[in-house]
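The following blocks contain the structures, represented as structure tokens.
In the two assemblies presented below, subunit A is common to both, partnered first by subunit B and then by subunit C.
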Partner chain A sequence: MAGLTFSGVRKTYPNGVRAVHGIDASVGDGELIVIVGPSGCGKSTLLRMVAGLEAISEGEIRIGERRVNELEPADRNIAMVFQNYALYPHMSVFDNMAYGLRNRRTPRNEIARRVAAAAKTLQLEDLLARRPGQLSGGQRQRVAMGRAIVREPDVFLFDEPLSNLDARLRVQMRLEIRRLQQSLGTTSLYVTHDQVEAMTLADRLIVMNGGVAEQIGRPLDVYRHPATAFVAGFIGSPAMNFLPATVAATGSGVIISGTGHTLTAAVTACEPQRPVLVGLRPEHLLPASEDSAALKVAVDLVEALGADTLAHGILPGDGAGPALTVRLEGSRRVDVGDTVPLTVSPDHVHLFDPGNGNRLV
Partner chain B sequence: MIERRPWLNVLSHFVLCAGVLVTALPIWITFVASTHPADSLMSGRAPLWPGAHLFENYATVLDSGLRAAGSVPVGMMMWNSLIMALMIAVGKIVISIIAAFGIVYFRFPLRRTCFWLIFVTLMLPVEVRILPTFGVVASLEMLNSYWGLSVPLIASATATFLFRQFFLTVPEELAEAARIDGAGPLKFLFDILLPLSRTNIAALFVILFIFGWNQYLWPLLVTTDESFYTIVVGIQRMLAVDDAEPAWHLIMATTMLAMLPPVLVVICMQRLFIKGLIEQEK
Partner chain C sequence: MEKRVVFSGRWVPVLLLAPQVTITLVFFIWPASQALYQSVLLEDAFGLSRKFVWLDNFRILFADPLYLDSFGRTAFFSSVTAALSLGLALVLAVMADRVIKGTALYRTFLIWPYAVAPAVAGVLWFFMFNPSIGTLTYLLRFLGYQWNHYLNGTDAMALIILAASWKQVSYNFLFFLAGLQAIPRSLVEAAAIDGAGPFKRFRTIIFPLLSPTTFFLLVVNIVYAFFDTFGIVHAITSGGPAQATTILVYKVYSDGFIGLDLGGSAAQSVILMAVVIALTVFQFRYIERKVAY
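Presenting the complex of A and B:
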């Protein structure tokens, strides 16, 4: 068991493309860190650098006290679960799990013991003689997990392990991975582009964008206090609404550009007339009575999900007005063409710098 | 594809039957000729039904060969052919797997150039480079040896290309997983890549064995010692007799025997062969 430390880790490819622009982070012993971000943000590259599949251009990665930059993947004592599982197609489930141990010259009875234990944990006992081709997606996923577990590594690396599964299985495997990780207490890095997976699995999140860690923190902290407009838009589903606005001259709130709507917000740190980007989460917009409403949205599309109803619309004003999505209770009936009066608590009004996207306190 | 057009069925069956006839008739005539005595073939009319001398002719061929016509026993020539064909087939497969493995899995300077150099040799078959190759083989004193028969034919751009294409379809993650599992390049090659290429190797073996077995020009050049004659060359020698009629019945019997090993290889490896041609197990 060991923690994991990144200091100033950068990746520059030989063709000059810079994938990772300097990550500093530390992962505690037994912690599960989820690296989340859109495709091409460098999250997989970061993971592969930990695995040793990509060279580290600059900086240092330590597993425990050991600098691993120069070590071969096999010598880093890590185990990786790949997106397409990467099981050896011609080997039985048992051999798939045992292969790494055999290469490390683990005694035969020790291999048998570890594989049996992993198979028991993952309910693969009846499948040990089969080949990957004869397994379902979920079972293959488990074998891939089993291959990682038997190595008893310092760090688990997961590279979007659930994205090849169907929605139901994904939820189930998500729970299994979490349970397993907690019972084994192994330090884990988990890469995903799915923010629901990120929120549910993570002890802490690293939200990456364009090769930079935009925010590192506990899932709920990231949700409540996103450090940048990017993080705010990426974490949370449906995504946060962004409205261009200016700080009111009175210093008590913001005026949504082009609509005349005024929102009460904590703007004490901002000078009046300053342009800002207002972020409102769809679930924080609450229906209100006509006269107490801060915003009125003209609904042009309704998605009824059962438990919730998502209403998409625009804030009427001069011109088209900014678009807005609202999450309403499923029992509430909304029709296209309705105007829904809304209110929002000042605590839930996020303000960002329109230039660099940083959060304004 | 399911179509309900009776006349199309009739037409396609006709074409197929005609094709079978065209392919099978010469083989049948060869077989028939190998069962007749010498004089019945000299009468000017080729018989269409087997005669009574089947065992006699084959026994003669296998036992003594055409000593009278100045040839060596067929058994020995078949042995030579077998050695040569096996050496060529195995050699080609080994060399091209190693070459393709290097080209696909290793980054080294001029990797692409190397690949294209190999590929370009497709344009230089043995017939084109036969004189210089003969010169090299002669100065290496490999004339009249099994090495001389097989080594110059072993380098194979086609097989290298086939294996390269196959290796490219093997997911990269498999190599990465093996690396994490502590398998070095050679271990990865033997434990993972070769078992996955099993069907490709079988298919290629069949093709290359037949290629090797049917070699004519090169064995004709490099063998002057009768004990290294291959069967295909031997058949030609049987025809080239002075002052006598070729012993057609025995030549045909030899031809039938010469066809046997390739047919056996195809039949034995048919399942793997077809699998290798049509699907890739992943």
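Presenting the complex of A and C:
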């Protein structure tokens, strides 16, 4: 068992694409870190550098105390679960799981014991003689997991392992992976672009954008105190609303541009008249009475999801005001054309710099 | 879903099929039936008289030590040619699969030999290894080897094997390369993480996944060596010295057109036909089932 350290890790592909620009992070022993970010932000690249499938252009990666930059994938004692599972199609499930152990000259009875144990944990016992082609997607996923765990590696690497499964199975496998990882206590890096998966699985998140880590932290901390407007918009579903605004001259709140709405917020750190970007999560906008309302949204689209109802609308003002999404209780009836008065607690008003997107405290 | 075009009239489909059917009839069915017919006849060299002799031609063939020798020689020639051209093509394809820069150029050069007609390929090798003026013979002499495929049967056999496999390498290369590129990269990566070095990866992952391609090519190459190498043998050795390179397909020609034993030659081509049909049936029956993983 070992932790994992990135220091100043960069990747430039031979064709000049700069995929990762300097990642510094450390993963504790037994921790599950989820790397999340939009497509093309360099998540897979980072993971593949840990695996040894891509050379590290600059910086250093350590597994435990060992610097692994120069080591072959085989010598890093890691196991990886691929998005397409990468099972060997010409081998049985048993042989797929035993392959890595055989290559390491593990004694035969030890191989049998470990594969049997993994098969039991993953409910693959009846499938050991089958070929991958004769398995369902979920079963293949399990075999891929089994192949990783029999090796008893220092680090598990997962590259979007659930993205080929249907929604139900994805939720189920997500729980299984979490349970398995906790019981084995193996340090894990898990790449996904699904923020729900990221929130539920992670001990800590690394939110990546354009090759840099925008924020590293525990899921709820990231949700509550997003470091940048990008993180704020990426984590949380439905996504945060962003409204351009200026800090009120009185220093007690912000004025939403073009609408005259004023929100109370903690703006002590900002000089008056300063332009800001206000972030409001749909779930933090609460219905209020007409006279206590801070915002009034004119609803133009309603999505009733059962438990919740999402109301999309605009803040009326001069011209077409900014768009706003509100999450309301499912029992509450809203119709297109309604105007819903809303309030929001000052704690839930996030302020960002409109230029670089950084959080303003 | 089945896609099927329905023609309203009867003439359009007939017209569309006609060229293919005509070609098959004129160039395959008719000569093949002629061969079948001739193989049971005894005919004099000038075609003035013929006699129906049942299977005598075949009986004579299988009693003829020269013919049986030629059978063995052909088996040797085909298997060595197939092995050589497959092995070489596989090595080249594995290397080409790794090349990143200049791939197109590299591949183009490797594909060229396939466009060379067998006789031309034969002439090419004939000159390179010509005992008196050949460049390679000259080099071999420096190495202390007196090359002479006019006198030495082993040299002659080696030369036609070389020429025949050289011509087939391109074809095999293309198929192997396509086969290699169809193997998902992540499989090889998974094997690398699983602790398999390059050779082990090749032996345990890549080669088994290529086996359908390899099997297909093996049959194609044996058929090629059996039937398509006439031009090479004719241009380089004309079957000599002392019949050392008279493989079956060449013997059909030399017995029929030089020896003027038309019945015997026809019987030989019937046997060759049977061999190719058997190989093809074997290929079709097994390629889908046995080798598929």
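The working rule: the second predicted complex is superposed on the first by the 361 of 361 C-alpha atoms of A that agree within 3 Å, B and C clash if a C-alpha of one lies under 4 Å from a C-alpha of the other, contacts with A are read in each partner's own complex, and residues count from 1 in each chain.
One rule holds for everything that comes next: a residue touches a chain if its C-beta (ideal position, glycine included) is under 8 Å from a C-beta of that chain, and two chains touch if they have at least 3 such contacts.
Fair warning: this is a prediction, and the values are worked out from it, not measured in the lab.
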**Request:** Could you classify subunit B and subunit C on subunit A, in the superposed arrangement, as clash or fit?
**Result:** clash
**Request:** Identify the partner contact of A:Arg333: answer first if only subunit B is touched, second if only subunit C is, both if each is, neither if none is.
**Result:** neither
**Request:** Determine, under the contact definition given at the top, whether A:Arg67 touches first (subunit B), second (subunit C), both, or neither.
**Result:** neither
**Prompt:** Given the touch rule stated above, what does A:Ile78 touch, subunit B (first), subunit C (second), both, or neither?
**Reply:** both
**Request:** Considering only touches as defined above, state whether A:Arg179 meets subunit B (first), subunit C (second), both or neither.
**Result:** neither
**Message:** By the touch definition at the top of the document, which applies to A:Lys120: first (subunit B), second (subunit C), both, or neither?
**Reply:** neither
**Message:** Shared contact residues on subunit A, subunit B side and subunit C side combined as an intersection?
**Reply:** 51-53, 72-74, 78-80, 82-84, 86, 88-90, 99-100, 103-104, 133, 147
**Prompt:** Which residues of subunit A touch subunit C in their complex?
**Reply:** 14, 51-53, 72-74, 78-80, 82-84, 86, 88-90, 99-100, 103-104, 131, 133, 147, 151
**For the subunit C and subunit A complex, residues of the former touching the latter** = 100, 184, 186-187, 189-197, 200, 204-205, 208-209, 293
**Request:** Within their complex, state which residues of subunit B touch subunit A.
**Result:** 171, 173-174, 176-183, 187, 191-192, 195-196, 198, 281-282
**Complete:** In the complex, the residues of subunit A that touch subunit B are 51-53, 72-74, 78-80, 82-84, 86-90, 99-100, 103-104, 133, 147
